[in-house]
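Each of the next two complexes has subunit A plus one more chain, namely subunit B in the first and subunit C in the second.
Coming up: the complex of A and B.
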């Protein structure tokens, strides 16, 4: 038996001898090591031993751009392990988009408040008359408020998604914020295509009246009457309104397109496409929110009589003469001026027996 | 605590109120009876009733022209809502679990989303029409606005809870749906059932008179 060849005392003696020898060798090496290193440093360059994992992850990380490898998994970018642009996009969103967007929105709000304090409400100089002009049909008012309500909902939910983490999370806590963010995301995604439909309806209905024409440039050069005291004649829509319309349509198309790319990531779009879509979606939406803030300002507290057309369908004659002189003159020549009493009757504000005549004009 | 109440007793309470309320309203209509028509009928009332019941789904040409928007919006809303209510996967599962005990094929997710979107488009346009048109504004009362508002809120909260990841959102949606169930029988929302009676009655009366109405 092999075990019987070695006695217990013999094994212990041999083991002790081995440990002793090993200790002596190690002590010798430790004592000699500094001298050996000094000699190496002084005489020959260090041998570079590349770490294979470093090279691997550098390759995977792809600091120099995206290069796809091969993968048995079929799918978009399945050969790309790490997309370096993701970090660029994340940094842009966190360090530039969110803070600068916030500054811009706050700045616009401040500017409007300041403008209101300096200029005040722009009154109808000749005063509100007792005569009206029919301006917007029922359908036009409906699609205006349709796109307005959808846009406000999308803006609100979008801003929650963009700024919520910075502004709301510290106040309402992570539990409530996660709920709010989830609801905002779902609502935003659902109403996005509804905005596209509303935009299409607005475009079809208003495009003809928003084609630029003679006199629009004059209106622009005079700042739409804000600069100076005189009235600037314009047609049914002035240059500012036309420009806002085209901005709404063109920028809106980018918003809708980029939004659809983000909402439906099932058409083979790569991550870089999604990132670019997000950036363009955010920037164009920010631009539109800024413009719409101005639009809401003019329609609400900024200008007397500006909102009437979109709420009642009728605008004041003096307001029309001051802001849309050419259109007002045309209407007056065609005998389209009606009195307040007639408007009340048509709208059912006074005599409730006269509604039959209303639909014909209202529905236009 | 509140969640358990919404998910349990309040759900059953609202369902009972809905069922009893609707039955009460329908029985009241049926018990109201009809005035005896002593004239010799020129045609069968039943034929007229059936014809009117289905033919009114397509509006007359002048109505379809002048009220094109409300016609289109009305169909968008009602079809979208019907599809959402009875064929959205979460609803099919809920109804099967709580009421019927069996389920039926649900819409795929994309069709569910499209249904929600067309329902929203229709509802918003109809609501705006009600608010902006002088005649409908005059005819509308608080009941109409409460009914429309409740339906809108139920739909909206349902869509906000689409991720199905947050229980409070589901409970909010369920709570508003329960309020709607309670409100339904006592409001103009009853037209979901009573349209059958009104159309059939008109059709029968006109049919007996020999009028192709």
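Coming up: the complex of A and C.
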């Protein structure tokens, strides 16, 4: 007991002496510090010595933001010696855009195949009926397939320019690939502005039916019928279709805007503008292609009866009841249900008079 | 193996634009295209310097990396050349290049880009040396004649140097040392140069204290 007490006191003493030492050392340092500083100042005066070479290089290298010199050579940015953003753009394109967009596109394709294998073709539960509803006019079908074909062409040519060097060039050789890439570039530039026109036509025609409504949130919460049993009632377009429409319009506007900046290099755009346009063009088109892949899937092999409306103009009554219940009910109330026989008569199998009636209805 | 480089000495360039003119004449570059240009920094202000810039024939050239048709390549001499038969005129090399070297003649409607044109280090193109096609597409091929690019050869103040990187850097190093020594020895103004006189140099100053 005594011993223990003693030893603890010893530890205390040792601790105290250590603190004392530390304080003494600190005090010594504090006393010496001003002296030491004065000595350094006396040896080498801290004067900022400007170095013309480093100043010049800093300016050339654009370290302190964009500065421009003057050149006798006319042209956009001819006074800029170094554009530091070129390297950023190169790294984006080569190290991020090309590999990751490749993974994303391949992943989406795989996902759709997997989904098809798991879920299979979504059938019309009540079976295909012999009654039809009129869904898309001739004009609506025309602008749909117009924008669809232009989009597919632009996507294909764009992807050739993005992935061609790594995927096609080793197979078909430099000369043939150059011809293909040249045609892709010219075609892409030519049909780019056409896409803008098509987008405008689609927007004007379909915008009213794509405004979000009351039932849309329920559709979203139920994942469009994937979660839970049964279909979620929706109007002419469901929430998913509406969202795709707005994505098409808004993302499409960015695509068109950035594309126009890139396609006409004559308005004095700086390189940074074109680099940023290219980045936004690439990212937005990638998003669009991914979404359109899903759209093509659900409109073709993914769902029974979904394609009919866009090809013939008429959709099956049972399909409409299951996927667009509110719209189908409205049509039934208004007595717009027509039989198969009537449809084939209206679609031009009858005489000239009836054919005229068809066009009147279809274009209406 | 030689590695061809340009070097422009900012302390020597007098912005006479002779390199630009020599290049245009030697290579018969199309209208609106300039393979070389002289840029003046701080024009009319203290510290004004001029630099002549063209394709710098980078070792890891960004243009080679981004070209979607792989038409740009570097030769055994480290000269970056391109094949105009393969080029599609997309402009990607122009976005990636830090020096603004790739140029595009305006061809067709709405100023769409034609085949890219840039400095070849006076080394022509992929065609046979001194052939008519090479001359028409890429201009002169002085390198095959054992000569250096005309811009550097014409430079009156020898500010613009062209040739093997080792030789060029040796010349430049020598210049830097001589310049530094002259500042220290004779006290000539080198614009508040960032040199600090060592104790051994003091006696040699021509400036009377």
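Definition applied: the second predicted complex is superposed on the first by the 289 of 364 C-alpha atoms of A that agree within 3 Å, B and C clash if a C-alpha of one lies under 4 Å from a C-alpha of the other, contacts with A are read in each partner's own complex, and residues count from 1 in each chain.
To be clear about the criterion, a residue touches a chain if its C-beta (ideal position, glycine included) is under 8 Å from a C-beta of that chain, and two chains touch if they have at least 3 such contacts.
Bear in mind that the values here come from a model prediction, so they are computed numbers and not experimental data.
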Subunit B versus subunit C as contact partner of A:52, first or second or both or neither: second
Message: Looking at A:294 after the superposition, I want to know if it touches subunit B, subunit C, both of them or none. Which is it: first, second, both, neither?
response: neither
Message: If we overlay the two complexes on their shared chain A, which of subunit B and subunit C does A:275 touch? Say first, second, both or neither.
response: second
Message: Output check: A:215 vs subunit B and subunit C. Expected answer is one of first, second, both, neither. What do you get?
response: neither
Message: According to the stated criteria, A:82 is in contact with first (subunit B), second (subunit C), both, or neither; which is it?
response: second
- request: May I ask you to name which of subunit B and subunit C touches more residues of subunit A?
  value: C
Task: For A:178, select first, second, both or neither according to whether it touches subunit B, subunit C, the two together, or no partner.
output: both
Touching partner for A:164 - first (subunit B), second (subunit C), both, neither: second
Task: Please indicate which partner A:102 is in contact with in the superposed arrangement: first for subunit B, second for subunit C, both, or neither.
output: neither
- request: Kindly classify A:90 by the partners it touches after superposition: subunit B alone (first), subunit C alone (second), both, or neither?
  value: second
Field: Doubly contacted subunit A residues - partners subunit C and subunit B
entry: 178, 182, 185
Query: Which residues of subunit A touch subunit C in the complex?
result: 49-56, 59-60, 67, 69-73, 75, 77-84, 86-87, 89-90, 93-94, 161-162, 164-165, 169, 174-175, 177-178, 181-182, 185, 189, 263-266, 271, 274-275, 278
Message: Under the stated contact criterion, what part of subunit A meets subunit B in this complex?
response: 138-139, 141-142, 145-146, 149-150, 178-179, 182-187, 190-191, 193-194, 197, 313, 346-349, 352, 355, 358-359, 362-363
- request: Within their complex, state which residues of subunit B touch subunit A.
  value: 66-67, 69, 113, 116-117, 120-121, 124-125, 128-129, 132-135, 137-138, 156, 159-163, 165-166, 168-169
Field: Contacting residues of subunit C [partner subunit A, same complex]
entry: 10, 15, 17, 20, 34, 37-43, 47, 49, 51, 53, 62, 65-71, 83, 85-92, 94-100, 104, 106, 110-113, 190-194
